[in-house]
Structure formats: C-alpha cells, structure tokens
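There are two complexes below, and they share chain A, which is joined by chain B in the first and by chain C in the second.
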Partner chain A sequence: MRILLLVCFLAGAGTGRAWAEPTLYEQLGGHDGLWRIVDRALTLYFTDPRLHDDFDNINRDWLQPRFFAYFCKVADGPCVYKGRSMAASHKGLHIDQARFNAVVEDLQRAMDDNFVPFRMQNRLLARLAPMERAIVTR
Partner chain B sequence: MSRDKASARRRLAIRAALVTAIILPLAALDASGVVVEQLNRAFTKSQVTILKGGIIRFSNVDEFDHEVYVDSPNFNYDSYEQSPGETAVVTFTDAGSFEVRCHIHPKMHMHVDVVDH
Partner chain C sequence: MALVLNTLCWTVCGSALAQGSGRLLATSGISDVEGAGGGGLVPWAVVTGYGTDDQIGANLHATIAGEPDFLLTSLGAGIGFYDRIELSYAHEWLDTGHAGARLGLGQGYQFHLDVAGAKLKLFGDAVYDQDTLLPQISIGTEFKAADRHAVLDAIGAKSPDGVDFYAAATKLFLSESLLLDATLRFTKANQFGLLGFGGDRSDSYQPEFEASAALLLSRRLAVGAEVRTKPDNLGFAREGPAFDAFVAYFIDKHVSATLAFLALGPVARQGDQNGVYFSVQSGF
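Presenting the complex of A and B:
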C-alpha cells in the first residue's frame, strides 16, 4: 500500500511538472523572443507618421529596455519593472484614441512579423488592454 | 565747497545706483542659481556662463518627464527621471565647458561655460 501511494505521488508530481502551463513570456519566446517583438514594435512606432509627434525626439536606447521590462512583467516573465505607472508616465502626453489604436496595430504587426500565433497575440493584447484607460487621456 | 559736496553726493548716488542695478543682482543670481526651464522638449536657454561652484536649476515645466545629465571627463551628473514640476539643482564644481543633455529627449542640449572666480 505504501509503495502504491509512493508510486501515485511520484507519478502525480511528475505529471504536474510536465503539464505545467508555460508562462506567456515563455510562449512568446522568452527574453530573446520578446526582445525581438519589442524591437520590431519600436521600429514601427518610430517610423509611423501617425505617431511622429509622440516618438520624435525620444531616445530609443533609453526607451527600449523600459518597454521590454514592462512587457516582460505583464507576460509573467522574470523581470522587474522599475518605471512609473502607465498613468504617471503618459500623463501630459495627451494621447488620443487614434494614436493608442495605432500603437496597438503596430504591436500586432510586430508580432505577425515575428510569427507569433494569433492566440498568443490575443493573450498579450488582453493583458495590455487595461492600460488603455491610463494612457488615453484625450 | 558746496559745489564739491554736491558733486561728491552725485558720485555717491551713481555708485549706489550701479551697485543696486548691477552688482547686487549678480550676487543674488550667484546665490540662488540660474534658472533654466525644460519646455516643449527643449531647454529655454542654449548657453549659460556661470562662476565655478555656481548653480543651475533645471525646472521641468513640461507635462512629462525629463532626465538632465552631464557626461564629461571632469564632471558628471544625472537627475534621473524628473517629474513635471520638479527642479533639478546642479552645482558645477569644476571650471570648463559642459554639454547638458536629456536622456529621454536627445535633441535637448545646452552649453554651460563655468569660469574661475
């Protein structure tokens, strides 16, 4: 009986480990995969005429690690985001719905360009969706 | 004699006026520092000359963050993220020429000449 319980326990533990759902961060390709998505998204943001006023005179080298850390945290990755809240960091930028939509569209395109499956794209977008209330102020 | 007195009084008055108009404001400026605003992703002054040990107050009047920094061999400073309404106070302890920039907005720059007393 004891042996049977031990076998069941070990089998259960092994099964649980094998079936653990990978985090969204892992599903997006971990550090390298997410970095590629962020890199492509920022390239699109910095060249999108709809976002010219927002990204003109912004230091991409300063922005990209912060952007990555935020996305990493949102996707349950092992990152610490030390920046301010979305509301605080976007306050005064007067971002309207059209510009927010442009940011989302470019992000979707960045994920397409990195062959992120549609289901994963939606999972990330769903986690980022609550940001809209903090960012859109006009 | 009385004409000499009147002339001396006039010279004294002129000196007093000069002290009030020129020297006292400079002294006050030196004590409180030069104020430079950060407005519309730019510094409101492109060049400032101050005495060694002088202060520049960078006042963020924009509605978003700035981050003032100086990166030179003999003087370094970083305000880190500076929220709207915050003032970064920078004391220039060495004489020389320095470029002040913003980490977030790369087109922002200002030249500071620090001269010895």
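Presenting the complex of A and C:
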C-alpha cells in the first residue's frame, strides 16, 4: 500500500501537473465560470450609457464568443483566440481612457456579481491592463 | 447629508467642466500634508484627482494630526491637468499648545507654512503598465514659506523660505494588489519647513528618502505604511524620520477618509511625537 502511494506520488510529480497551481482560468470557474462573467460583463456594456456609442452597432451574438475566447486565452485556459489583435479591432474607434476604464469598472462589477474575490479579480485585470496601450488611441 | 450634497456638487461641477472622473477608484491616491497627490506623508508619481489624459481632476484635503505636544493641521487643494501636470497649494498650522509655554513662546503659539507645489509626470503608467516592472516616474517641486521669522532666526534656521525638489516612482503591482512608491527629495526643510530651512548644523540640500507601501483589500479599502527621512539641521532640537501606518477608505470618486498612526520623531525638544492622523478628502 505504501509503495503504491509512493508510485502515485512519483507519477504525479513526474507529470508536474497533479501538483501544479491551477490556472487563473480554472480558478475563475473554468468554462462555465468565465462564460458567466463574460455574459454579465457584456450585459453591462450593452446597457451602460457611457458605452452606448461603442456597443450600439455591435452584434452581441458575434462578440460574446470572441470576447470569451480572448479572456480564456489571457487566463491560461484551453482556448484559441482567432480574432484580430486588440490594436486592429479597435483601430479608428477613438476610444479614450474614460471609456476604457468604464469597461474595466463594468467587468469588476460582473466579477463581483459572480463572487470572484477581489485579489483574483486583480490578477485577471493585471493581464488585461496592458491592452490600454493598444485600445486607447485618443 | 453633507456627503450627498458634496457628491452632488462635484458631479454637477464635473459635468459643467465636461470632466468625467474617468480614472479608476482609488488610483488618485490622496493628498499629502503638503498638498501633493500621494500618500499622507509622501508625494507619489500619480497626478491628483480622477482626470484621465484628456480630463481635469482635482482634490481638496483637510488633515489634522494630533500629537502629544503639537496639533498639526493642513488644508489645501490640488488640480491635475490631463494626468500629466499637477498644481497644488496647502496651508499648514503647527499649534504648540502647552509646549509653546515651555519653549517660552507662549501657550498655543502657532507656526504656519504655505506650500505651493508643481508636479510633472515624465513617463510610465502606474496602473496600465502591468507587463513591465517600469514604474510611473514624476518630478516635482514645492515652494515653501514659513512665518515667525524672528523665532526661526533665534533657533538657528538660515531661511524662512525654501524650495524642495523630488522625483517619485510609483508602481501598482495589480496581480499582488500592492502599490509601492519610492521618492527621493532634495530639501533643507526643518520639520517640513514649519521651523524654517537650513540651520547651524547644515545649510545644504540633502537627499532624503521617502517610501509608501499600500495593500489593497478591496476597491475602496487600502492599508499601508510610509516612511520619510528628514534633515537634521538645527542644533537647537534634533530631528528624525517620520513614519505612519494608515487605513484609507474611498467612499466613491468624490470622497475619501484616511486614519493613521503618525510618528513624527522628536519635534522642538519635546520628545518623540506619536499620534493620530485623520484626513478627509474630496474631489473629482
């Protein structure tokens, strides 16, 4: 029995997977957890008067899977983002810092609504924050 | 009620100025005792208020520090232009209470200090640049003028006026929910300038080190500590570094309150001054 446990331990250590820290994607609740966050965030974006001009002409059914795939990839999830780069997809939209931050605030609220702890929220936001340089062009 | 009126006022004022408080909650920091955007004792590289790079922001502060032998009060205002330039003003009162009588100045004798500050953000962004260790860097200057020239002269201060120069590096380590600042100041000030500038022991600019660390517990709540070394120019009374440990609460983008334990070190031969700091701030 002890030997069996030892073998299991070594096998686990060998793959390096069984003992690894879960990815941020997994900590955010995997596919279902992240989908709920993205779904709530987009609901807020499409109803936020500060963002009316930005989301008014966008088809949510088109945007949501792309939005999810991007976040999933950023959070080290098993997703491939095939969309355009952040710079390319926001080019010419004249997004200013205030609207970028409104998107951040709505995302924070979406994570609050899904009971994501504050420090975990910040770990996701830290990976998204450098997008500001690509998205804000005004 | 006052808070509601205040918030309403700033919302109306902000709208009238077409300013939207576009930055994220708490990223303004607070205003230090000298009026600069930062912590309570230390100016940071951030520009005061919540204005983005195409908005104007502002912040008012009312600060009181009750120490065993002194009462320090500071009122002031700062304006941030386009998240690039900050102009600030503060007036400080140092009430000596019973210590005034012991020092032969008279019960409740007061020293005053006017501080006009300017800060320029050079490069880096403390919040957005999360993919690099590079901090936000700003340089600043503070023009200070003390009153009570005869007393300052008698205790050995070389001038009632002085100019401080500083460089500040501020970085939010968002994945750790931690903000760090390091500031290097060149100054001749005795007790921030309240006791004049330069002295019998030294009358040259000295590099002084200041630092803040703040742990974010929520979007509204931060706890942290600060240190600020000071020159020791006067043979009349030794001076040492100041420390604080604070709790800051941001009610919204218009109102914040900070409570701290503040140790100023020895002041005017009255021994170590360990007391309580409280500041209410308001802006957009």
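As a convention for this text, the second predicted complex is superposed on the first by the 121 of 138 C-alpha atoms of A that agree within 3 Å, B and C clash if a C-alpha of one lies under 4 Å from a C-alpha of the other, contacts with A are read in each partner's own complex, and residues count from 1 in each chain.
By our rule, a residue touches a chain if its C-beta (ideal position, glycine included) is under 8 Å from a C-beta of that chain, and two chains touch if they have at least 3 such contacts.
For clarity, every value in this text was computed on a predicted model and none was experimentally measured.
Asker: Go through the superposed model and pick first if A:R138 touches only chain B, second if only chain C, both, or neither.
Answerer: second
Asker: In the superposed arrangement, which partner chain does A:L93 touch: chain B (first), chain C (second), both, or neither?
Answerer: first
Asker: Would you mind checking which one, chain B or chain C, touches more residues on chain A?
Answerer: In the superposed model, C touches more residues of chain A.
Asker: In the superposed arrangement, which partner chain does A:E105 touch: chain B (first), chain C (second), both, or neither?
Answerer: Only chain C is touched by A:E105; chain B is not.
Asker: Given the touch rule stated above, what does A:A129 touch, chain B (first), chain C (second), both, or neither?
Answerer: A:A129: touches chain C, not chain B.
Asker: Give one of first, second, both or neither to describe whether A:P22 is in contact with chain B, with chain C, with both, or with none.
Answerer: In the superposition, A:P22 contacts neither chain B nor chain C.
Asker: Given the touch rule stated above, what does A:I58 touch, chain B (first), chain C (second), both, or neither?
Answerer: First partner only, chain B.
Asker: Enumerate the contact residues on chain B facing chain A in the complex.
Answerer: 41, 62-65, 67, 81, 83-84, 103-108
Asker: Residue numbers of chain A touching chain C in their complex, please.
Answerer: 96-99, 101-102, 104-105, 108, 118-119, 122-123, 125-127, 129-130, 132-133, 138
Asker: Would you tell me which residues of chain A are touching chain B in their complex?
Answerer: Interface residues on chain A, with respect to chain B: 57-59, 62-63, 83-84, 88-89, 91-94.
Asker: Show me the residue ranges of chain C that touch chain A in the complex, using the header's touch definition.
Answerer: 20, 22-25, 52-55, 83, 125, 127-131, 173-177, 216-219
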